[in-house]
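Handing you a structure now.
Chain nomenclature is as follows: A, B, C, D, E and F, assigned in order of appearance, with residue numbering initiated at 1 for each chain independently.
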Amino acid sequence: MRRAIYPGSFDPITNGHVDVICRASRLFDELIVAVASNEQKKTSLFSFSERVDLIEQVCRDARNVVVMHFDGLLVDFARQREASAILRGLRAVSDFEFEFQMALMNRKMEPGIETVFLMPREEYTYLSSSLIKEIARLGGPVEAFVPSCVAKALEAKLRAK
Amino acid sequence: MRRAIYPGSFDPITNGHVDVICRASRLFDELIVAVASNEQKKTSLFSFSERVDLIEQVCRDARNVVVMHFDGLLVDFARQREASAILRGLRAVSDFEFEFQMALMNRKMEPGIETVFLMPREEYTYLSSSLIKEIARLGGPVEAFVPSCVAKALEAKLRAK
Amino acid sequence: MRRAIYPGSFDPITNGHVDVICRASRLFDELIVAVASNEQKKTSLFSFSERVDLIEQVCRDARNVVVMHFDGLLVDFARQREASAILRGLRAVSDFEFEFQMALMNRKMEPGIETVFLMPREEYTYLSSSLIKEIARLGGPVEAFVPSCVAKALEAKLRAK
Amino acid sequence: MRRAIYPGSFDPITNGHVDVICRASRLFDELIVAVASNEQKKTSLFSFSERVDLIEQVCRDARNVVVMHFDGLLVDFARQREASAILRGLRAVSDFEFEFQMALMNRKMEPGIETVFLMPREEYTYLSSSLIKEIARLGGPVEAFVPSCVAKALEAKLRAK
Amino acid sequence: MRRAIYPGSFDPITNGHVDVICRASRLFDELIVAVASNEQKKTSLFSFSERVDLIEQVCRDARNVVVMHFDGLLVDFARQREASAILRGLRAVSDFEFEFQMALMNRKMEPGIETVFLMPREEYTYLSSSLIKEIARLGGPVEAFVPSCVAKALEAKLRAK
Amino acid sequence: MRRAIYPGSFDPITNGHVDVICRASRLFDELIVAVASNEQKKTSLFSFSERVDLIEQVCRDARNVVVMHFDGLLVDFARQREASAILRGLRAVSDFEFEFQMALMNRKMEPGIETVFLMPREEYTYLSSSLIKEIARLGGPVEAFVPSCVAKALEAKLRAK
């Protein structure tokens, strides 16, 4: 069985993430969406459990997709889960540089796990969680960028502030 | 009448900004320099009114240039002002990526407003407000990089600290 | 009156070109689609008059769009036509570099004419005339990438070979 | 069974190609190395059958790797072979742009086949068949860049000229 | 005598830095590794004297390498030291943009000092001090990325926290 | 004594090349401008001896600059001349990729010779010999882009055709 891991902070999950998850779930027997809980630098808008909950709602119908959290080194987590691949979506040149740096570093630490890059739909190339949060904060429409349950959660979260 | 909007934080305005404003003012009937007041993440060196004031001093002689502030979504502001274009200066590859992401996002929210890119003079491609502030803080010369009123304001501001 | 020039070889015109023409025709009073006849290096698939003819069919309903040819320096042509801007569509990083090189060269020769960059729809970012000709040669479908009259012309041209 | 296709002209196969083939053969049940025979523009140094023969020698021990040729559209070939993925190695920014353009075009023609990107070893990022041929022509050493049977074939081919 | 300056924050020095220092020490008569003490924005993990101390341990055997600190403008420091070159290692496209911006700015302030770029070993292209600190914080292995005295210092520093 | 080699086809030498030569001649004891005579792919506009002659006219006053030709592998030539560095000018991102590929390949073949990158003046970043030849062919002005003896040679050469 081939298992892949799709890591991220998913604060919150966007249509771009969903697109990559769909594509990857057809290429691997099992796909673990791995939510990073260790974010010391930046504070997240959604709590860890809120982020996991939103992904689970969105991926409910995908049979071979599992949502998990991890809080140490990604390669350690991948090794424990016996994954053969780490999955990443590539969007733009700046992504490309950073992703390659991470992938080479991970390969150095764990040569047996391959980093695999997929390309999201071109209309999702401009999506990022931080841009969407910025738009939501300014009262802009986010329905076109995130699943509907995420749009509602964003609205509720920002109204509460 | 065709109206364009040139948005930014302008903290402070540089010779690169001035160059883009001059070029754009010849292409459009009216150019609105739109100063963003909503900067939650980073604190600005100059207050909002100081930044507006410096732009107004610099653009005094440009007849079809207006300085305004905005504090919500840029596309909402552009729509209210009946602008047909958002203007951006392109400097480098990293700019390019970020600018395209913003432009595609804005187009999704408001398809009727076009983002137009201009190229500043090549000798201004290395200018950024943050680099200039860093140089000023370290006591370096900034007269070659900003209008003279801005150089004076930088000096006064940093001496006061 | 503000006039812009959109230069290219248009061998043949693609949906990406059409998208840029539509966007530009709303920003300028007149848009000249300028077909380059001087291509010493590479031989074109369509003759010069075929290329002009296809553009004219496609742009028939655009009132302020004119199709012309030019065979010398672009800046000389722009000066003769009293254009205030040269228009270019930006697609990708490699485009960006080349386009900037051309734009800076043109500015050096004629400082009075500005190069203006527009961004085509993201689903057209992958289109290029040469890729489309390659697909057509291999018998692939091109209807999604070019206007229908161009698809027919491609088929007829390649069948005749 | 999941089958992937690794297309190219392989004129000749390099250590970078071999590295990508090894990595991919662990991720898929079957990997088809698909040698393009249709190269109208550029003439190849090695004939089609020589290129296939060299790949077969190099991949002899890889059980799930098959070498084939194709001469039409890549997506048609992938569909006939019931492949779920097209495999590409990513080396640098210029690669990235071109590869994305191809991948988006292929997706438009055949949405059911995913393009998957792998990263070769960093010491192979500078390898290209054309650079290696250039070095061989100038009498330089190529043993570090290609499998030994390819180094011999290059030497023999160039001596014969 | 030709003297070059290699500036940075070196928090801490990595194998990539060491590689650049070795290469540069063969090209110049004297190489000053210049440790920046003025970091107002980001707090460093290692104190200024710890960073200097680690570099001195690593570069002990390099006869023409000197470690110094500076806390003003880099070009002022270079002028005082009568350096003819500022040395930088280039790793990736994003580096490239930022480095050019800095180099052009420095040239504007001090035309007599040239910025010289070297290329580290390709296996060090993915190294950055911040990535290494992140790995160390998560308990990952850093011995492959930094000199052994730095690995020990990282471990001691993080255990103390 | 430290010797550097600045290789190229110089067909013809431009102001950008001259700028790099000036900068490099201050950093090294001797600079060899090495004109490649082996250009099988593309035919040059100027003959090999014409290209050498133009460089010699331009560099007449630079005491430590020597013009030579080479027709094999660059690293072999550099080794024979006991050079410690190969010099390259970096202009743009696409340059950057290609130059790194070449530099890594050369380092693999000859680890003892370092590739050193300099940055030309920003106003020369758009210059390339091929673009200048194209402009000259179309009757455009080239005096701003090349030394005056080169401008005359271009005019004479193209009139003769």
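Simple rule for what comes next: contacts are C-beta pairs under 8 Å (C-beta built on N, C-alpha and C of every residue); 3 or more make two chains touch, one makes a residue touch a chain.
Note that the coordinates shown come from a computational prediction; the quantities given were computed from them, not determined experimentally.
The chains in contact with chain B as well as with chain E are A, F. If you take chain C and chain F together, the chains in touch with both are B, D. Note on B-E: across the candidates A-C, C-F or B-F, the interface recurring with over half of the contact pairs conserved by residue number is C-F. Centroids of chain B and chain C (each the mean of its C-alpha atoms) stand 31 Å apart. Per-chain CA centroids place chain D at a distance of 39 Å from chain E. Annotation for chain F: residues 93-94, 97, 100, 104, 122, 125-126 touch two or more other chains. Every pair of chains meeting the touch criterion is listed here: A-B, A-C, A-D, A-E, B-C, B-E, B-F, C-D, C-F, D-E, D-F, E-F. Residues 2, 23, 26-27, 84-85, 90, 93, 96-97, 100, 103-104, 107, 114-119, 122 of chain B are the ones that touch chain C when the two sit in their complex.
Those residues of chain D whose C-beta lies close enough to touch chain F in the complex are 92-94, 125-128, 131, 135, 137-141, 144-145.
Residues of chain A touching chain C in their complex: 93, 122-123, 125-126.
Taken in their complex, chain F has these residues touching chain D: 38, 40, 72-73, 75-76, 93-94, 97-98, 100-102, 104-105, 108-109.
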